[in-house]
Structures are given as C-alpha cells and as structure tokens.
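In order of appearance the chains are A, B, C and D, and numbering begins at 1 in each one.
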Amino acid sequence: MLSRVAENLFWIARYIERAESTARLLDVNYYATLEGGNLVQEQWSPLLVITGGEDAFREQHARADAKSVPFWLAFDLYNPSSIRSTLTQARENARALRERISSEMWECINKAYHELCFDTDAVLQNDALHDYCNRVRDTSHLFFGTALSTLLRDEGWQFLRLGQLIERADNLLRILQVRYQKTGTSEIAEALENHRWMALLKTVSAYEAYRKRYHTRLEPQNIAEFLLLDSTFPRSVIYAIEGIRDSLKKLPNAQKIQKETNWLLARLEHSQVHEILSKDALEEILEDVNDVGAMVQSTYFHLNA
Amino acid sequence: MFDHYNPTGFFDEMYDSNNQARVHYQRILERMNGIPKPEFERRRAASDLTFRNQGITFTVYGDSQGTERTFPFDPVPRIIPAAEWAHLERGLTQRVLALNAFLRDIYGEQAILRDNVMPRELVISCSNFRREVFGLKLPLGVYTHIVGSDLVRNERGEYLVLEDNLRTPSGVSYVLANRTALTRTLPGLFAGMNVRPVQHYTTLLLEMLQSLSPRENPTVVVLTPGMYNSAYFEHAFLAQQMGVELVEGRDLFVADNRVWMRTTTGRAQVDVIYRRLDDDFLDPVAFRADSALGVPGLLEVYRQGRVALANAVGAGVADDKAVYAYVPKMIEYYLGEKPILGNVPTLLGWDKDHLEQMLAKPAELVFKAVGEAGGYGMLVGPASTNAEITAYLENVRVNPRNYIAQPVIPLSRHPTYYPDSGKMEACHIDLRPYILCGEKVNIIPGGLTRVALKRGSLVVNSSQGGGSKDTWVLEDDTSSSPTQGGT
Amino acid sequence: MLSRVAENLFWIARYIERAESTARLLDVNYYATLEGGNLVQEQWSPLLVITGGEDAFREQHARADAKSVPFWLAFDLYNPSSIRSTLTQARENARALRERISSEMWECINKAYHELCFDTDAVLQNDALHDYCNRVRDTSHLFFGTALSTLLRDEGWQFLRLGQLIERADNLLRILQVRYQKTGTSEIAEALENHRWMALLKTVSAYEAYRKRYHTRLEPQNIAEFLLLDSTFPRSVIYAIEGIRDSLKKLPNAQKIQKETNWLLARLEHSQVHEILSKDALEEILEDVNDVGAMVQSTYFHLNA
Amino acid sequence: MFDHYNPTGFFDEMYDSNNQARVHYQRILERMNGIPKPEFERRRAASDLTFRNQGITFTVYGDSQGTERTFPFDPVPRIIPAAEWAHLERGLTQRVLALNAFLRDIYGEQAILRDNVMPRELVISCSNFRREVFGLKLPLGVYTHIVGSDLVRNERGEYLVLEDNLRTPSGVSYVLANRTALTRTLPGLFAGMNVRPVQHYTTLLLEMLQSLSPRENPTVVVLTPGMYNSAYFEHAFLAQQMGVELVEGRDLFVADNRVWMRTTTGRAQVDVIYRRLDDDFLDPVAFRADSALGVPGLLEVYRQGRVALANAVGAGVADDKAVYAYVPKMIEYYLGEKPILGNVPTLLGWDKDHLEQMLAKPAELVFKAVGEAGGYGMLVGPASTNAEITAYLENVRVNPRNYIAQPVIPLSRHPTYYPDSGKMEACHIDLRPYILCGEKVNIIPGGLTRVALKRGSLVVNSSQGGGSKDTWVLEDDTSSSPTQGGT
C-alpha cells in the first residue's frame, strides 16, 4: 500500500474520531451546565485543558465562557482541533484518496463537510448546538459503520483502526486526567457529584453501559475502572489498546511497536485502578499511547525508497 | 407571543391579579419575548420531532397494535419559587409518611379501625384491599415506595391534594425528558436561573430499590406488562437509566422458593421487582387466573420475604378515592400533626348523607369511580349533558360505595403555546410530584406539570388530550427577576 | 442475558441486514436495466427468486415488471421481507429492548422507521427509489456503526453479530445461486456480460474492492472467488462465516454450533471456487448456514427454566 | 416547460426547421412534458446536490486552496440516432488511425515531411514536438491512446472536427456520471429507448493500458498532478473504477532502471502510467527542472521501454492547432482515404497569406493560440471590443506561428433547462467523444455534450461557464418515436 495512502487513512480516522470526541464533550458539558442548576458552575476552562490549545484560545478570545468556548471547540478555524477544522482536514485527506476508500465512505465525509463546515454562525445563534453535535457524532458512526461494511480488511483497514483507536485512547485519557485532578473535595453536594460523574460518563457514551455493569451509585473509582480497564466497553482505554495490538498483528514490520503496545497492555492489565488514578500514571499511559502513534508514523509513513 | 394573553378568570401562574408578571417569571418572560416567533415555532417543531424520534410516546388503547402518540410538550416552563416548593415538600413528606403508617397498620394491628377513626367497612370493602398480604413484615416497613400525588391550585392559588397514586404512578420519565427537551429547545432560558436539577432521580430510585433487599448487590428488575402498555416507554426508560433488566412476566419464573429470570445461560435470581403491573395481574395463582402477564407463584415467594416488590401488594387500598377523604385524619392520628396540604372536599357515595347531596346537584360536581385512574370513569357535571348525567347516576345508585364526588376545582392556569393560533393561551394545569420512600423520603424538585390542552378543559390526563411542561423549582428566589442575579 | 433480549438482538440485526441487502439488490438492478440499454432485459423474476416468496408475490400481483417488483421488494406489507416490513419488525424488536441497546441505536432505528415506513407511495411516484435505497443502506451502516462504538462487547454484541453475518451469508449465497445458474450462454454480447457482473458486484458493494483485488476484466470465476472465498472482503461468505466462528467462541454452550461452523469453514477453505460453483454445492453451503442459524435459536432462545 | 421554446436561428438538435420535434426526440419530449414543473425542478435540484455530495467537481484555478465547483448538469439529454453515430464512429476511427500514423512517422522516418505533404518547419516548430523521443519504438506503435476530439455541428447540421485533444483529454468521467445522474433523476425517460450503455468504458480503458506492457499482470497507475488540479475528480474516479493506484509524482521514484511506488512495505514496480500530467512536468531531469510534480529520471526508463506512458510523450505535436489543419491531408496520405469528417476552415498565422487575412478582418474570426486548450488564449472576434482585438493582434503579430483563426461556426443548439427562468432555452453545444486506441480502436457511444450556459455564448468549456448533458446514442432508430417500440 502506498505510504501516502496509509498515512491519509490513519489521519482521516483520527480527525473523525477527534471531531466526534469534541462534539460529545461539548454537547454534554454545555447541557450539563444548564441541567445542573447552580450546582454546576460554568466550568469552561477544563474543556480547554482537555482539548489542548488553551494558549491559542487566549490569543483569540478574551474570556472562557458559554459563548467563546463552544465557538472555539466547534467552529473556530484558528483552533486546529475544532470540529470544523478536523472535519475539513478529514475531508482533505479523504479527497486525496477518494479512489482508495469506498464511494460510500467518501460521500459520507464529503456530505458532512458541506453540511457541517459552512454557515456555522446560525448554529449558535439558534441554540442548535445539540443538534449539530449529534450530527457530528452520527457522521462518525456512519463513517466507521460504512467502513466496517465496505472497506477491504487489508492494511488500509488496519491503519484506519489504528488512527481511530489511538485518538480514542488519547482523548479519554486527557478527559480522565482533568476530571480526576480534583477529587477529594468532600464538601461538594451529593447531587453535584452525581451530576458530574453522569456528565463524564455521558461524554463517552458510557452512562447506560456503566449502569449495566455496576449496580451501585456513581463511584469515581468504579467509573475510572470501567473507562480504563473494562475491555467489553468499546470506548475504554484498554479496549482501544487491545484493538491497536490486534491491528498491529496484521501489519508487516510491526515488531517494535507491538512490543511497546504489549508492554503497555500488560501494565494496564496488572494494575489496580487506584494505582493508575494518580496523575502521574495517567500521564505515563498517555505518553505511551502517543509513542505508539509516533512509531506508527515513523515506521510506515515517512519512508524514503 | 404573549400579546393579548388573558390571564383573568382563574388563578394564573404567571400573572398576578393586576395583570403583572409575577416576579419569578419576569426574567424568562423577557427572554421568550426576545425570540422571533418563526424561530420559536421552528424550535418547538424540532422538539416535537425529537420526541417522536426518541420514541417518547404513550400507547393509546383501542386497536390491536396499539397506536403510539407523543405526549405534547409545551416549551413554556412552569416555575415554582423556592419557598413555595419548601412548603410542598414538607406537606408531601408528611402525607406519604402517614399513608405508609396507615398501610402498615391496616395490614397489621388495624389500630385506626379499632379506634374508630375510620370506618372498618369502608376500608375492607376497597377493591384494592388485599387480605393475602395481611400480617407480612415488609423491608423497611414501607408499602408505597414510589408515590405520585396529584396537586392542584384553586382560585386563591392554594395547593390541594386531588388524589394520591400509590400503586404504579407514571409520568416521571416525562419530568426527565421534558427537562432535557427544554434545555435543547430554549437553552437561553436557563442561564443564571438556578433551576434545581432532576436527572438524579433514577440514581435515587435504584438505591431505594436496592435497599429493599438484604442481599449485598441485589438484582433489581423492572416488570412491565409489555410493549403495548400505555406507559411502556417509561418502563424501558427507567430500566435503562438504572441499568437493570426490563422483564415481562414470561421472562420470570418461580422455582425453589425463589424468583428467576430466563437467561441465555440458564436462570438468574431476582431480588427486587419494580413492578409496573397491577396487583390483579401479578400472579395468576393468587389473583386473576386469566392473567398472562404475571408470574405464577410470585406471591408465595413474596410472602416468604424472598423477593421484594415495589410498590407493595395491597398499597392500593390507601389511594382508593373514598379512603382519600380520611388522609387528613390519618396524619393527625399517626403523626400527631396538622395536615400541611389540604384535601379537596369530598362526598362519599358510601355515606348516606353524602350520597343524597351527590344525587341532588350532580351538575355542579365532579364524580369519580374510586378504583380508577387516568381520568377514566369520571363525570364532570358542568360539562355533561342531562342524558350523560342520568346514565352515570344510574351506576352510582347501583354501587354507591364505588363513587365519590367533589366540587369542581377552578384549577389554576398557565400560559401555553398553541401552534395552531401561534399564540399563548391560558390552560388549566396540575402538578404531580414524585416521592421516593425508602429509608428516608426523597422528592425530586418539581414533578410533572400536566396541561389541559383541549381549550377550556379541566382534564389534564394524557389519555384525554393533555400535554405537559417542564417544571422548574428555583434554588433560591433571588435569581428570577430581571434586575437581580447573574449573567 | 435474558433469552428474549438475546433473541431480539439477533433478529434486529437480521432484519436490518436484510433491509440493506434488499435495498442494494433493488437499487442496482433497477438502475442497471436503465443503464444497460436493450442489452439488459428487464429481469425482475430473478429478484423474486433471490428474495424468496415468489408464490406470495403472484397472489398479489398479476405480473413481474418494473412497477410491481420494486413495490413488492420495497414497500409491500404482504411481503414479510420487504424493506418496509423488515424495518418495521426491526423496530418492534428494538422497541422491546430499547433499555438494552444504547439510546443512539434505538433512535437510529426508530427514526428510520418513521422516515422510511410511511408515505411510501410518493417514492415510486417521484422516481425516488435510488434515494430511498440509499437511505436504507445508510440506516444499516449507521446502526451497526453506532453499535460498534456504543454497545458493550458482551453476549449481546455476539448475538447482534451472529444475526448480521448469518443474514449476510444467506443473502449473498442466494444471489450467487441465481446469478450462476445461467452461465455458458456464450452468445451474449461482451458489453452485456460486463454489465451483468458489474451489477452483481455493485449489489454487494464489491465493485471497487474487486477491481483493486483483480486487475483483469470481470471474470465470473474471479468474481465468485472474491465473493465466496476472499476473507478480506467484509461482505464475502467466508468473512461472514469466520465472523460467526469468532462470535461463537465468546458464547457459552456453543461447542456443538462451533463444530458445525468449523466444519463448514474448513470445507470452504479447502475448496476451489469452481467446485463450489456447481449449484448443489452452493445449496449445501446455504443449508449449512441456515443450520447454524437454527442451532443458535434452539441453543439460546427457546429455553424453559 | 417547452412552451415558447424558440428553435430558430441555428440548427436545433431537437426541432427541425418546421418547428417539429425530430423523430428521435418525440418520445422523451412527451415524457418530459408529463412531469409537473415543480417536481421537475425538485429532481433537478436534488441531482445538483448529489453532484456536490459525491464531490463530482472541478477546481477553478486562482486561489491557493482551489475552489471546487460542480459542472452544471442539464437533465435534458442529447440524442444521437444510430445511423448518425455510425457515421461519426467511422470518421473518428479513420482520423485517430491517421493521427497515430502521423506520430509514428514524425518521430521516425518523417516520410510526410520528406514527401512535402506538410511543411517541415511547421512541425518542428511545434512547442509540443519532443526531440527526446525521436526514434523510440512504442508498444503497439500507438502514441495517442486516449483521444478526445471536439465535434461541432454547423448551420446545416454537419459534424465538423473543431480540434483534436491527443495529450490528456478530460471529461470522460462526466460521461459516466451524467448517465448515472440521469437514470436517477428521470428514470422514466429511458424505458424502451434502447440507449447504448457507456459504463464499460473503464473496463476498456484498463485493458488498453494493460496491453501496453509486456508483463503478465502489469501494474497500472494513474499519475495526477494532485488534488488541486482542475480534473482531479476525474483522475481519482478513473483510478477507482479501474482499481489501480492514483499516484502523485512524490509517490514514484526511479531506481535500477525501473519506476517504483513507495509503499508501506518498501518499493513496488510500476509498468504502465496513465499520466494526466503534461510532458513538460513529467521529469524535471529531462524537461522543466522546476517541476515538483514529476518523477526524476522517468524519461530515461521510458526510453528504455521499461515503463509505458499513455499518452506517449510527444503526442501533442499532432494536436497543435496549426498541425490540425493538415489532418485531412494526413488521412489521404497515410490511409489513402477521403476524410469522413470535415475540418473547420483554418487560417494559419504561420502562413503569410493567411496571416494577412487574419489581420484584415479579425472581428469576423475566432483566434486561438495553437498550444492552449480549455478555452484559454482565445479571442472570439464578434464578441470582443476593438481594444481587446487590438491587444490580441499585437501578440499575433509578434508570434504569428502561435496563432490560428477560424470563421465563427454557428454551433447547433439544444433545449436546456434554466432554473432561473424555469424554462427551456436554446443553448449552443458541442460533442467530445472518447476514443481508445490500443490493439484496436474503441469508442464508447456518445461522449460528452458540453453546453454554453451563458446565454448567447458559443463557448462551452467548464472554465468558461459551460455545463453538460447526458448524451444518448440509440441502439436502433425505431424505438424513439412515440408510436413505435416497446412499453
């Protein structure tokens, strides 16, 4: 497979997964502040920390509030990780290999690009953010569902999966880092805590699944265990890393990356959640995931002859 | 949209008698007036579509397949100030404690009958009185775990309890769905209003249900009559939000003195059943033999304390509409307190004098069958023809115990948007709060505000053309006026 | 997992996959007759053979033509396999376990039901069949894509996959049976042959993938090999059966079904395509696939105690 | 929609001089008149959206990112009767055989120059004449494998060849896309019409390309200048439909006397390159050193016969607009036949007498730069101001070899739907058939009909506001009239 094609597939998947993650994060947090009454303060800054680029944000916007942060995360082209930016980039990448993916996959991205990356001012004006975020999420589901059903299970599929899963693990780890920074503030009211954890779970579409798994109240430790270590949950960190391992098995010259991935996986499998929950451990896992991403790039994409 | 709105004639929730917006409505009124009508209508229509797409529907009985309808959602929220809610919360807690005390007593010592506070014959003649559970010891001593009493406001704005729903009160899913819908439709209304959240209801419900079992991590299920039940959406919604199985009778069976679910890997024990099935249908062995919805042998396991049911079998005796008249007396008898919330004056067919009054001026009264709910079996005197009244009274004379009558309460009204006129019109409303009763009493702020959408109608039930609103309880009463509070 | 729930998941997947298959079959064949000039006769009867229920069709419709067959396949409620019927049944099944699947999955089906199962007369009146079929296909992709991203990888997921893959193999085998009945008519023009095989490949979204795999003209034997035996193609028979095997591995009490599946798989892997292409062999594989389906039902769904 | 349609003034494809619909149009005319206008408009708009969503676009040069536009698709098909097409097919085959013979000759013996049939100076002064490939033996002896000659019809309906495109003619993807679009938009038009299929084009193309390599299962690639090239959609489309890789120059490299692709597993040999890149940019070593789009060393591998290029390097010499004038002579010289299709009379700036005529009455002529395509470098005399003419003639005088002039051909017109007026209006059209030349000559029936959408304009190029139509060639001429044929 052409290196350029492999790289493009990898990045299409990352961009679409990132657009979905940002849409989920934005949607849940935006409406959680509304549903939370005065319990939930408008906590917009953590979203900037999670998605990165806080400094770039400050250059463009005076303050982080209910207007500037949603605009930044969803529509701002100065933000390379905004939904609009990532969908545009996914589409540029897809356009460069439209002959390589199925017509249905290309059409899904191209249509989303035309429908979601133009005339975005009306979205905030008309309070239509929820609908917008839903459409972004559906775009991602439709894209990967179409790939599942039409893309050949050759190397291309493996690179697509690698991109999606590395991005997924990265996003979730960064959310956890921020959310688990502030535990221990015991004076917070019960309803607020409940509300907060609900929002975290809903952000990764895990609320209903978590409820099925744990028949107890929303315990921070259980939640972290579920999101980090439950391999039956398709948005968990360990699910992503197992998937990365499986995809690497099917690629040539992957021995070094496989070794790295297996080591990461082994440490996760033998960890208790409370050990991971210290901030340093999360940071370490995040770095390892990004190392795997970098190794994929250097092994397959930047070849000379 | 509020042009030409006429608040007079009844107690209006939004406007006072001087036609001035009440202080807790001023801020959202300003905001709603800021939305151009076409945009408002676009959002309302989108919200309708969302209800449809999410399948938030109830089933209308009548045809074999069951027709699904969405419960019309009106985007103008009903607001309850903090102080007003605190009063309601106290009154409801008091009432539900008394009702549980009554149920414990009536299936136990029957002190209230012995002391002649209530007539024995009235109680034991209730169709929902269940001899089968006499003498049982229930977990936490609670009979009615999930309560949905209906509140109305009269012409002076006083809250009165219209009836208690102690068996399988429905509608709480709409409380949660309406809140979500309104945050999607008109997010701008919420800023700085400090509306108290409601979404933790299902967490509280699950914990209450789990507390009914002695086992460590008990298996809770929601038992539904099935997909064609009117409230199926709610059954599924609650099961999903709690993360427990939604089961039908055919998924359960009794063996070895336990209740089990049929699973792909064999049987799995069930500890707590949140049943949304009437007593009659629960167990064809114990009750109606023709019920295909229930679980044969369930009652026996229940009697042995090896499975918990919420609400308890027999709780319906306390929401018999004739027994209802005695709730204020129960409160004084069991708690030694004055009732905080009043009852609607009620004539009992069972009582000779009352019956005479009922038959004398039927055109001024609302008649109700004591065991029915959902607006069925009702006669609204002033809105009925002579022929209808005559036919109804026929039944009352044959079985007077089965009927009560109440004066027509001039229910308070609330501005409500009508898509056909494109205007706000005043509609009668009620309020059904949801009360959870386990180790302690928990009431989520607000409840379901139902709206009588048929113009001029006083009947708010979904089956009778009612709709609903999001109901806000404010955290404090300082943030709602336009000049105070944040943002 | 509740037996009823498992059974519902299995059938939801079958019905949605069937709706997609019928939509593809109808779409491609309808437009192929238009694009084929007089080369392609209006061959509507084979579609009835493929989808089954030819007798039931004859009871409702006087003749099989460009009006009656599309109506029958897409909208006729007398046809239990029409798109409208299958989507309605998928939705009824989903409604019975809406608490078990993610809200997003339920909403996807419910929305499709409301949008695709009512006012269907206008579709044929306005020649909007292509758009309709596309929306059915996208519904399927969105549904499975959403499941991929939100459904717990527990037994429920396995039953969903089993339903999807058994249905997929069944559909493809029946198409192949009909299409390979008539080989050997050597007098048919080259362009017609090309056109026919193109239509077959497009029906299962395989045209572009096949082209990538075989850089030769459209050879019937290569096409059959690709659709039957290429396990990198996600709509091939062998891909489906491998998937069935993988799902069975994760279910309890599956030994007997696994044995049956492995045997089927082993025979496929050791067959040459020309051996399979005799009509009897295809029939045999089809029966075996349906046996596996029947065993899944009897093992997991009709339990007493 | 056809009310008030005015076919007069030019040759009209649909109506004859008596304002009667020609027989091969009668049936679809009847059918189109049967569609209510709003429904027609709805479908047309939906089809536009489909083009957009499928990304069937061309890139307009000018800004750095490249603006994508859809090529407007008119849903009224252009119909060519079977007999008419048979004539065109014969004429085009003859022409393309002669052109290849010419190219073989000119890069070999140069007999035609030796015999003074064509002036040597004219040929070797062509900017597209490539000394670098002189004396090469090409596979099958073919230089121009994919040809797109432009045909027009004059006021008498005669087909004339306006120019030959022998290098990288584009547009065939629209032939396929338009057919698909029309079957989706107006499927009812096709029934019983026996329109000849076109979708097998990519199969034929792939087979022709494979036949250029001596290897068994050769690796074919499509070489594109990249995503911002005007015809990028077509490059990707053809690669996809053939199932071959679409590569850019940076994906290829030369080593060990071969051309290779960079892949995730190392290098892979390339045998045939369908290049959509001009000669100039192919190889910075051999041609323009500043080209970042090409592959250094490619020409040398090509010269050694270890990679095939389609079309061949140097083929452009034969579509120089001055050389074009000699094609009728080539046909007679190489094939010994009379030309079946005529040329447009052409004045060559290179010829003193011609130049004089060109400078004498510029306002009556169309001027073209000999090496340009796509409507660039053109001057339409009658539509230009004096100042524009004067400026243009300045260039002609400086470099007369570089220009030709032709009389203004009154192109035939075709009814075309205008969304703005909601009516059919007459537009000038041309026709570009696509001819594949390998072991034999293959022409897919029809080709691309381009429409000058700017009202009154004679220029059909996409870059100049043109659109296109589906082009039907009928299998036989009996099925198109309303009273004959099936269904």
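One rule holds in what follows: a residue touches a chain if its C-beta (ideal position, glycine included) is under 8 Å from a C-beta of that chain, and two chains touch if they have at least 3 such contacts.
Treat the numbers as computed from the prediction; the structure is a model and nothing was measured.
Following the contact convention of this document, A is the list of chains adjacent to both chain B and chain C. The chain with its C-alpha centre at the largest distance from the centre of chain C is B. Inter-chain centre distance (chain A to chain B, centres taken as mean C-alpha positions): 41 Å. Between chain A and chain D the centroid-to-centroid distance comes to 47 Å (mean Cα coordinates, whole Å). Centres computed as Cα averages put chain B at a distance of 74 Å from chain D. A straight line joining the Cα centres of chain A and chain C is 32 Å long.
Residue numbers of chain B whose C-beta contacts span two or more other chains: 240.
Each of the following residues of chain C touches two or more other chains: 103, 208, 212-213. Taken as a graph of touching chains, this assembly has some other topology, since it is neither a line, a ring, a star nor fully connected.
Taken pair by pair, the chains that touch are A-B, A-C, A-D, B-C, C-D. If you check the complex, the residues on chain C that touch chain D are 30-31, 34-39, 66, 126-127, 129-131, 191, 194-195, 198, 208, 210-218.
Put simply, chain D touches chain C in their complex at residues 39, 42-43, 46, 179-180, 183-188, 190-191, 194-200, 203, 206-207, 210, 217-220, 240-244, 475, 479. Chain A contributes residues 102-104, 137-138, 140-146, 148-154, 205, 208-209, 212-213, 231-235, 239 to its touches with chain C in the complex. On the side of chain A, the complex with chain D involves touching residues 1-6, 92, 95-100, 103, 106-107, 110-111, 114, 155, 251-253, 300, 303-305.
Taken together, the chain B residues at the contact with chain C in this complex read 52-55, 222, 227, 232, 235-237, 239-240, 245-248, 250-251, 253, 255, 261-267.
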